[in-house]
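Note that subunit A is present in both complexes that follow, paired respectively with subunit B and with subunit C.
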Partner chain A sequence: MNTLKTILKTVGFVSIGLMIVIPFLFTGNEKPETGKTEIQYWHSTGQKEQAPYYVNAFNSTHDSIQVKPVVIPWQEQEKKVLTALLSGNPPDVVNQFSPVVKWASRMALRPLDDLIERDGLDSTIFFPSLWKEMRWQGHIFAIPVYTASYAFFINKRLFREAGLDPERIPQTWQEVREYSRKLTKYDEDGYFKQIGFIPFYQQALIPGQSTLPTPIIMAWQLGAEFLVDSGHSLKLNNPEMQRACRWILDYLDDYPMDKLSAFTAGFGYGDQHCFVSEKIAMMILPSTFPEHIERYHPDLDYTIGMIPSFQGYPTTSFSGCWWVAIPRGAKNPEASWEFMKYLIDKEVQLATVEAMEENLFPANRLAAFDKRFDKDRETDIFLKHIEVANSAVVVPIAHDVFWREFYNAVERIMHKVQPVDAALEQAEKTVNHELHKALEYDEYIRSKMDFFNR
Partner chain B sequence: MIIQTPSKKILNKIITYTFLVGVAAILILPFLWIISTSLKGNESIFAIPPQWIPDKIHWDNYTNVFEKMPFFTYLRNSIFVSGMTIIGTLLSSSLVAYAFACLKWPGRNGVFIFVLATMMLPMQVTMIPLFVLFKNFGWLNTFKPLIVPAFFGGGAFNIFLLRHFFLTIPGELFDAARIDGCSEWRIYWNIVLPLAKPALATVAILTFMMTWNDFFGPLIYLSDKLKGTLALGLAMFVGQHQTEWGMLMAASVMMMIPMIVLFFLFQKYFIKGFMMSGIKG
Partner chain C sequence: MKSIDNLKSFWKSPLRRNQAMLGYLFVSPWVLGFLLFGLYPIIMSLYYSLCQYDVLRIPQFIGLGNYRELLFKDPYFWKSTWNTVYYTFLRTPLVILGSLMLAVLVNNAVKGIRFFRTIYFIPSIITGVVLSSIWLWMLNPQYGLINTTLAFFGIQGPLWLQSPEWSKPSIIIMSLWSIGGGRMLVFLAALQGIPQQMYEVVDLDGGGWWNKFRHVTIPMVSPVIFLWTVLEIIFSFQVFTEAYVMTKGGPLNSTMFYNLYLYYKAFDDFSMGYASALAWLLLLFILIVTLIQFRVGRKLVYYEGEKA
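Right, the complex of A and B next:
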């Protein structure tokens, strides 16, 4: 009996010992010698692409460089990238959607000027608003790869019901106002059942997604410049912004805020989105929205047009982009640059967009306007918007603060808590305070860092 | 002493059980909603009024999970990481707790307070130094950063919990063993550990819950797709423009099953462990 106990104990101890030792035996860093330079490419383009088309294509056509893609869950990229970067172990290439300046101003990216100059990369191939976003303090830090834009969506069925011609999409905000009156319906208690257009209301597709605010679009259309003093100050309380907000306030005379809030409170995501559920007849929505409609309401009868503007003013839009960059301290900048150049090649962009399930547009205009690019009427309208788009990064170094304060100000204006100029002034003051602090810090960092001063 | 009549006793029981069933029903609602969503198609996930039982049951959400992600690889990885972490935590935290509870040495209480103070360090503070440390060890993209730390202390909370439990064991037991010539190791292994089963079960379950659901560790340390854990795999269903809610919920249900089974199997120990170590929620 004692012998059995001793054997059992020995087996127990050996098992525990092995369990302690086993983890040390698991090593994942040894790589077979292939003679190729392996570069790590960290990307996050949603769950649909597990191994991006362009990575496979690059690997099959390049003998000396091997790209290893690493998919990072959406919204979790910054944590992983920044931890790796601050620990001196960054990937070779990152693909991101958040503002370039946010990364560049924190020294997270390697300036690309020397590589661009050496290889004579022609920046005019990119949509202007996208290229503008890549620049910080006179240096280029990233290369745009894909973009998306917005357009004016209308519900054709609701148009017909209201006696409007669905082929005649309103061109001006005044027309939108008139159309909206005809498209708005009330229940027996006087509450809204359906509304034509709500100028300040934009609903996200999924929780946490950013949306496009109409007052900014309107102010841009009127010619507003938000960053003044060579980018050192924000001028939010400008005449154009005031006019846009006042126009919206005037518009809301027909739509009492309490009833509007009760109406919008019932909206949700998926098929409960206000445009998909046919509660709002006209909306500014992103170029990925047709995919959303296809998924949740494939029979929805809709069309798209240019975003309306004020009479006599040109329209404008918003665009954001996915970009690629080399993190600071990456070990193979030459191989990374080779891969980045490959991504923006016209043919590769065309083939990649074709292979993607998501409705994205090439950042390279040569690809976007190539006749082989699937150009139906919708695509054409989105492309026109990208051409006249403004960057979503209004205040580069205080991006998050700007949008937070902006939305708060709009909220105060629409609920008549504060007059237009006072609300804008308050937001402007707060953002400028943060902007000046951020600029001072950036100045200090740049004075200490060699690679900024090259 | 108040003596209750049988009818009063029954009434009390009815009230107590009705209350408990009511609270349990509220607590189980999110779980039932997850199961319900995991069986829905896109058309009914956001339907208003909400559908508890969908018109059309979408079992394909479960089968699609296996196509969209290497579920069994992730499951194996999660089991390996959680299992090894539990072993490491149980061994090392019980040893440390034994030293704090059963051995007398100068500065013992000071060191114990120092250990407890580590609980106040937010994870963000230690994240970068730990990452640098593991990078220098060459452990990135391996399971080692997730497992090995458990073998070196097992966490201040677990030490605290076990020490508290060990203090309830009468000191005479140790004295008797020492008189009989028992070594400290044998006292720990043959006397303390068998008596501390409920507390060890509590530590095991808590460690399992923590490592099974840990998202951040695998996110920053693992890069190879096939080395991911279930918690990391779940996040892949959330895209920028679309989220695969049905599949996300189906995978969540499958991920929760081991935890539920474990809890039901060991709930006796779990509750006993908390009661006896004096840590009541």
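Right, the complex of A and C next:
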């Protein structure tokens, strides 16, 4: 009896001891071989099974540094990185698509200024709209690697059917409106069978991905400034935004909202995408879309042009990019930096976009404008859009709130629940409230720790 | 005094002490787990709810600031609360009644009843995201099964998920899909526990099926009805997946449910302090509703073995 008790006791104590000790056994840094630094690289592009081209290329040319790639799911990239940061054992390099400032403003990334200065990295090789996004409060926190672009897609077959010249892509919004009337078809019950263009509708390619709606592009084209007071407040209820919304409301007079909702509800992903299934004839779509067409409807007869603008105003587009950065607390900044510099090398960039399954654009302009990359008319049009792009990060430290409020306001306007200025005013107020809260919090943090002088 | 003496003598006996120690030892993994992964986060979230906090930086104590803003300034709080209350109080009675009716139906001793029970149970196997995708198509205003069927009878169907008026009812209708699941089985078990003599008494008194149902079935299963009402209300308050997958809170925020708003605040905006405050208010709200139910339930529920 006593031996049994002793055994039980021992087992009990040992298991409790193990529970406490085991977690600590796995926190140490693994060093695979002497003289080699292994760095963890998290990305969400490419396929799970195979390492990206540039990782293999880097590993085969570098003896002292070995990169270990880890694929994180696209929809969960933010949450995964967040938990990794909180655990205190983050990856050495992250490749992300969400706004740099979202992380930089929260001190989640290591400032790169010292490394950039030491190695004399020339920032003018990048597209300016992308480089601008890497900056927060005068410091650089990330390096842009790839970007996507946008263009105005038209369905040539539907153009011909409607008696329009498919080689003449509409240049102004007014023209789009006239074309759209000709391109719209109804069934016997008065429901839409096909529409030329829906100015507030932007469908994402995959669930969970968001896209920019037309009203903000129009406002940018008219010259709207959203962030005023040196970044301390948002002006959404501005004349340009109002004009864009009113124009769209006027446009929608020809398209009853309930019928429009019924029509757009039928759109899906893959071959159900409204442009792929030829339900919409004109649409602003990303540079990754031709591949999408190739996969789901290879016979689709389409062409691309510049995004239309108002008569007399220049066109504009928007941008976002994949960037790489070193999370705060990562253990091998030197090795990570070596890898990051490698990624933006012109030749590596060219070879990478060639090998990638997605149709992405190099962030390095020297690569983007190289003849080996910029080889056809389509690429040329996409590149022109990157040059005139605005950043999709409109309100840096209240990014998600801004877009949520923006979409809500546009929805209220289009459903005629609220007049244009009231809806914009309401969204502006909510965003500004959040923005001010974020700024106050930021001030508090700065008073507590002098992070930037470290 | 005597009890303390007892306790003293208890601890004096080495055998007893040893047994007690062993007992504690055996429950310790659970206790440790609970303290570390249960109680600690709960207490911290209460503290964070009093802070401005984005997880990546240190919390800034702001007292009741988050709560004040939620209750008096945030229109989304009231909008999402209203949406959730609407969903809960319309859905719960329908679900309970539906499950009970189905249980009564499959309680009949007809031939092949096991087959029917299986048939009714099968839909509940399908889970959240898949179910949402199926219903997204069924509810499609132009091509969906429901509106096509309605059109066959000459009825013009609504826009369902695309309409601010119909989006919540759509999600409620959708959730009735699983009335044949676990709930029905529990009701069935309760129904089968009712002694046959009780129904025979009604027969002797000349009562029909309604009297049997009203005066025997309902009182006898009332504890189960009560239990499920309490549980369903708690579950309904946590509605999330359907709106997250199908509507993202739209149109016009008509399906912005409480938990969806909490999710956006926490994981899009990283406003963890604010989200914690939302979570604690939800807990408080559910607690109050449950306490009220227990108060009311005491009068309505018949427990066998208790004095009537």
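In this text, the second predicted complex is superposed on the first by the 411 of 454 C-alpha atoms of A that agree within 3 Å, B and C clash if a C-alpha of one lies under 4 Å from a C-alpha of the other, contacts with A are read in each partner's own complex, and residues count from 1 in each chain.
The criterion applied here is as follows: contacts are C-beta pairs under 8 Å (C-beta built on N, C-alpha and C of every residue); 3 or more make two chains touch, one makes a residue touch a chain.
The shown structure was predicted, so the numbers you read here are calculated from the model rather than taken from an experiment.
A.B. asks: Once the structures are superposed on A, label A:R106 by its partner contacts, choosing first (subunit B), second (subunit C), both or neither.
C.D. replies: So A:R106 only meets subunit C here.
A.B. asks: Per the contact definition in the header, classify A:Q272: touching subunit B only (first), subunit C only (second), both, or neither.
C.D. replies: In the superposed model, A:Q272 contacts subunit B only, not subunit C.
A.B. asks: In the superposed arrangement, does A:S87 touch subunit B (first), subunit C (second), both or neither?
C.D. replies: In the superposed model, A:S87 contacts subunit B only, not subunit C.
A.B. asks: Contact-wise, after the overlay, does A:A355 reach subunit B, subunit C, both or neither (first, second, both, neither)?
C.D. replies: Neither subunit B nor subunit C is touched by A:A355.
A.B. asks: Once chain A of both complexes is superposed, is A:P73 in touch with subunit B (first), subunit C (second), both, or neither?
C.D. replies: first
A.B. asks: Check whether A:V228 is in contact with subunit B, with subunit C, with both or with neither, and answer first, second, both or neither.
C.D. replies: neither
A.B. asks: When the two structures are overlaid on chain A, which partner does A:T288 contact: first (subunit B), second (subunit C), both, or neither?
C.D. replies: Only subunit B; A:T288 stays clear of subunit C.
A.B. asks: Name the residues of subunit A shared by its contacts with subunit B and its contacts with subunit C.
C.D. replies: Shared contact residues on subunit A: 16, 19, 79, 86, 266.
A.B. asks: Please name which positions on subunit C make contact with subunit A in the complex.
C.D. replies: The contact residues of subunit C facing subunit A are 18, 22, 25-26, 28-29, 32, 52, 54-58, 60, 73, 140-143, 159, 161-164, 250-253, 264, 267-270.
A.B. asks: Would you pull the subunit A residues touching subunit C in the complex into a rising list?
C.D. replies: For this pair, the touching residues of subunit A are 5, 8-9, 12-13, 15-16, 19, 78-79, 82, 85-86, 102-103, 106-108, 191, 258, 261-266, 398, 400-401, 404, 408, 411-412, 415, 417, 433-434, 437, 440-441, 444-445, 448-449.
A.B. asks: Which stretch or stretches of subunit B touch subunit A in the complex?
C.D. replies: Those in contact with subunit A are residues 42-43, 45-48, 68, 84, 87-88, 91, 127-128, 131-132, 135, 138, 140-144, 147-148, 151, 215-216, 219-220, 223-225, 227, 232, 235-245.
A.B. asks: Which of the residues in subunit A end up touching subunit B in this complex?
C.D. replies: Within the complex, subunit A contacts subunit B at residues 16, 19-20, 22-24, 26-29, 40, 42, 44-48, 50, 70-76, 79-80, 83-84, 86-89, 97, 205-206, 209, 266, 268-272, 288, 291-292, 295-296, 358.
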